[in-house]
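In the two complexes below, chain A is the common chain; its partner is chain B in one and chain C in the other.
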Partner chain A sequence: MNDMRIVKRDVDMNDIKISAKGVQVYYGDTHAIKDVNVEIKDKTVTAFIGPSGCGKSTFLRCLNRMNDTIDICRVEGSIQIEGEDIYDKRVDPVQLRAKVGMVFQKPNPFPKSIYDNVAYGPRIHGLARTKADLDEIVEKSLRRGAIWNEVKDRLHAPGTGLSGGQQQRLCIARAVATEPEVLLMDEPCSALDPIATAQVEELIDELRENFSVVIVTHSMQQAARVSQKTAFFHLGNLVEYGETGQIFTNPQDPRTESYITGRIG
Partner chain B sequence: MSDQSASNGRISHGSLMVADPRTKKRNAAEARFRAYGIVAISIGVLFLAALAFSILRSGLPAFTQYVAKLEVTLSQEDYDAAESKMLKTAAYTDIFIENFSNALDERGVDVAYDSDAIERILGKVGGDIRGHYREHPDDIGRPVTFQLQTSSRVEGYFKGRVDRESLVDSRFLVKTDLDIVDALTDADILTGRFNWAFIKGTDAGVDNPGGAGIGAAAVGSLFMMLVVLLLSLPIGVAASIYLEEFAPQNKFTDIVEVNISNLAAVPSIVFGILGLSVFIQFMHLPQSAPLVGGLVLTLMTLPTIIISTRASLKAVPPSIRDAALGIGASKMQSVFHHVLPLAMPGILTGTIIGLAQALGESAPLLLIGMVGFVAREFPDGVVSGFLDPNSAMPAQIYTWAARADAGFYEKAWGGIIVLLAFLLTMNIIAIILRRRFERRW
Partner chain C sequence: MSTLLIVALVGALAVVGYVLGVRRAMASADGDLRLLHSLKSYYGQNVALLVLVPSLLVLVIWMTVQPLLIEQSVLGMISNTDVAEGSSRSLMMADVRRVADGLDVAVAQGAMSREAASDVRVDFTNVRERLASVGVAVGSTVTQTTLEAAQKFRALSGTGNMVRGIVVLLIAAAGFGYALKQTDKDFRARNVVERGILVLLIAAASIAVLTTLGIVFSLIFNTIDFFESFPGADFFFGTRWEPSFSGRGGASDLGFLPLIWGTLYISIIALVVAVPLGLFAAIYLSEYASNSVRSIAKPVLEVLAGIPTIVYGLFALLTVGPLLVNIFGADGLLGVNWMSGGTAAMTAGLVMGIMLIPFVSSLSDDIINAVPQAMRDGSYGLGATQSETIRQVILPAALPGIVGAVLLAASRAIGETMIVVLGAGAAASLSLNPLEAMTTVTAKIVSQLTGDGEFNSPETMVAFALGMTLFVITLALNVVALIIVRKYREQYD
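Up next is the complex of A and B:
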């Protein structure tokens, strides 16, 4: 059973999910992202690493057009998901965000019950016809979020009453409940303690089975632990992109080597 | 200290057991600040207590009225006889006096009086009695207990405004009348009771302070508040949501923003003039109508509601908006499903502050004709409640306070108590609603 999955994963890994070409991002007069080209594969965990302010979060937010909410932000170049340009004017960002889910740095559950937190996405997208359908989606999502066993007896307790790590896993469950194809994670473990971090990392590895996961992280150990591909950003440039093992053991660019060995950043 | 720090290159902190001069200074400053705070709060409480005391002292007598109770049984023959006379009310006065003297005899009260004295003390009793029997013909032949209100000056005697020493005999009251009043009080015929007529009464009291009531004006205020609430809450909240969440940041929205803040500072009488020229002279809406009053007060309340709503929308953490957008909610869904419920307590507070201001406003109402003496009767229904001429409580109070008669002055204080009771009720409702919406998880 396990072996079968690995084989299936290997086959899928060849598909390119997101392809970004010549992406430039400006915040007013600031040139935040400079000509980034990257291809992100399906059913893979891709990590973006780099020092603070290098543009990795900005680039991540381009992938589901969350930057649209910032007035002064301007994006150029093309980002395609399965061959479709997401910045085409026919694309509704709301529809895009149902396909590309996002988990944020700080756990941000809605001040509602655990059940309603997870059920909100399916409800607004009309994914469930009946209450039973919805119950099923909620249970499945909470299981995928590896939090079902902890909350199954108190689904109607407030989501904000959970611990930090549980809240973040609830947010992941909420993100996967809409059945996205890509899951973006913006430093999902930076507000968590080591034990919660380990749980979330384990979860990310499991999510790889169904989703293409892109994770921004400050921790190089985390990138090494969870990702298959790693991209190193520096001062708005994508310096190096490759297999995680290669980036950490045999970086091609001297800047990558300096960052990994702790000399810049 | 300086040579010590020079010797080892560090600042010496000295013993922890002794407070250094800087610490002492800081602690003293903090103690002074606390003292200022306590003094400020004490002064505030003192003023509040003085205000409440003076309002209650001057206003509470307005809620007591003094009546003469007398049981009268009128036979059909007496009724026919009285109705056939030329001076009908005089005939009824005679009937009253007959019953009255019987009652006095029964209780063993011995006091001299004539029909003029009765009229000075109890007003035109004949008319009151005739009115009752003409309205309720079934009561003929049955014992009826009449509760006849004392005249304003007699009431003043009970409430301490009139005394024997300062009383100058006039056609309204002479000194011997007070002896009769005392005797009647001892005999339990004249008694004080709660003045429901003041709260329910519709007579704005053009010439009779004793009968004046704030009821109609209170209904006018209620209808106005309905107009204000129904217009300013949706318009204000919608405008703030648009400005805060959807509007682009440009020169135009900046100008709109500045002007909303300016509007909040415009004197209310300016809104009154605006209402007069736009709603009445241009749009030909009915004068003195609570609808127009409500419209004017809506203009006045909107800036308050918009400013407080925007502040509470701003206070909702952006992470909630991100969370909703990240799941694929549209901007509108994120605002209405998540941001607005969280901002609700703040919006309610702003709305109540705005409504309370509007409820206490009299200047703009005077300009559109909602003056005190207009309130004469309760509206027939909801539509006439909005459209028929009426007054509002503050305008009514203002009119009473401007009158010379001490009886009216007392009514003005009583009206303030009713107004404050209205405000307290509104605030309590707001607090209950806040508690419901507030999510402390």
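Up next is the complex of A and C:
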């Protein structure tokens, strides 16, 4: 296994990018997230692991206020990105989401051409002054999404015609096209085969140079392979948070140990 | 033997068969349920089915065929010389049937003995008066030929009905005996009953399909009849619609163009009203409205769809028309004199548009809701606002479905009648002015067929040609709409 090699790579950036304190999330009467405190570092891949229904995706969606689109969802506590409370009334969730990009579990390209999929964000936020600017952004994003070589000859073909793995990389390219500071990924590989998964994981590691990446995953091997920090959620609680190597080799909490050794979950 | 009695007897036989079937099955298994192949009720149902289905089927066929055969043989008695001036064989036949029915009534009321009814002669009795005395009115004096034909008619139907009753009951009894003989603990009654149910369902479906075919064929044949008496080119390319009813003399102009122009013009006005309003309402309901608003607003909007179109017609005639005259008419708000009367293409179009709003909105609402949440998430996740998401992601994704909904609405607009009859006026004109009275294909079908016209002149037969043309247009629109909607469905499944 080359897991340890990745984990041992130095994490020398110590700036805190996202700081969550006392976060509580309710879906109607259900208490989905219970008092979560976590600090996520810049230029780092942070993995959220835990059994289904433990609240890791819910917490991820709090970070860019995607839960706002669900009527019955209520968030308490404070989440700060670079010291700014994102649940403050003055914060526009639309601008926040431009800064905190998101990639979803199931690849969801729009029923438009590949080019228009990537150009969607830049167009909305007015990031390109000219057509040439836009072309450049699209190319750069597709290169960052590691899919440029596969699609450069058919930029105007529909995005929905690509394979599952290509669609997911297109969605990643689409998310990085708005130049976000944080990239949230909600089980980005769960709908992909092992080869596509490997490509996406490699991509995530490259994205770390420019973004702070938070990834929710069901696969502990994947968490071990791609992340530097790991948080283990269980029944809405953040049980343990620390260096990935430490979580997988020397967990402090008995629940974490049970989960990673396969006894619960 | 009356039909009701036959049905009652067959029904009773079926009930008896059910009970006996169950008993016989139980007896063959020595009273042990577990030894039976099927549940015991299936054995009863099997017997009942075999009693009912073949006998009732024969009954229905007999009842359709017998009158045709009798009519043929009675018609043979009427020679051409007997047909009076200004009359026809079919009119004579109608008289024969009336007299025959009258004699039946007279016998039933005791005003005439059974023998008298079959022997009565015109030279001795005034049949017309005697029938009138029991409440049956016959149009003209009954001639000897008619009377004889009527008597033969009675005799034939009498024998026919008798034979019918015997045959049907025999068949029922045969089914009864055969099914009981089959009944045994190893007999697979369940499979037979299952197949029977399948046949029943297929029959129900084919009745619907066959009726549609029947309607289409009757339209086609009558349309062909029309084109035999009126040149097709004048119909399809004529620009004047001036029917004159025979009697007043003069040939009619039956040009189709002013009518289809009115139809399309009014439909387009209706769609211009209904599509934006319906679509915006659908977007609001599916994307913006909270659950509580939606749960009230949606049913309220759909109440519009439940209003009878005649009520919309009254609304057009009494409210919208005068309102438009107040705006566009002489001494109106705008000070122009563009509109002379309340009935106009605009009046009918506006009201029809209102009628179509729920149609467009509820279909579009379903289609917008069918766009996967993942599309919205993807767009919101990139920092798009709600209206940007709707404009750039949801509407393009839902567009084929919305086009389908609009086409379905268009075919309803084209077929709409009452609003047009009341709201648009009756003058067929090829005018561009929406404030002028116009008329449509449907409204003219109504006016051609209401009245005393006989069903043999081009002026009435044209209704079938109009109906056929309209049918072809709406059918084409529906087919296109369905193809588009189906193509759209494949995109996400």
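The working rule: the second predicted complex is superposed on the first by the 253 of 265 C-alpha atoms of A that agree within 3 Å, B and C clash if a C-alpha of one lies under 4 Å from a C-alpha of the other, contacts with A are read in each partner's own complex, and residues count from 1 in each chain.
The definition used in the following text is that contacts are C-beta pairs under 8 Å (C-beta built on N, C-alpha and C of every residue); 3 or more make two chains touch, one makes a residue touch a chain.
Since the model is a prediction, treat every value here as computed from it, not as a measurement.
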Three-chain arrangement built on chain A, chain B and chain C clash or fit:
clash
Mind working out whether A:Gly145 is in touch with chain B, chain C, both or neither, as first, second, both or neither?
neither
Would you sort A:Gly121 into first (chain B), second (chain C), both or neither based on which partner it touches?
both
Return first, second, both or neither, reflecting whether A:Gly161 touches chain B, chain C, both chains, or no partner chain.
first
Tell me which region of chain B runs into chain C after superposition, given the options 1-9, 127-135 or 289-297.
289-297
Touching chain B in one complex and chain C in the other: list those residues of chain A.
64, 66, 69, 71, 94-99, 101-104, 106, 108-111, 120-121, 124-125, 160, 171, 174-175, 178
Contact footprint of chain C on chain A as seen in their complex:
64, 66, 69, 71, 94-99, 101-104, 106, 108-112, 120-121, 124-125, 160, 171, 174-175, 178
Could you please specify the touching residues of chain B with respect to chain A in the complex?
248-249, 317, 319-330, 333, 337-338, 342, 439, 441
Any idea which chain A residues touch chain B in the complex?
64, 66, 69, 71, 94-99, 101-104, 106, 108-111, 120-121, 124-125, 158, 160-161, 171, 174-175, 178
Under the definition above, what is the set of chain C residues touching chain A in their complex?
290-291, 372, 374-385, 388, 392-393, 396-397, 491
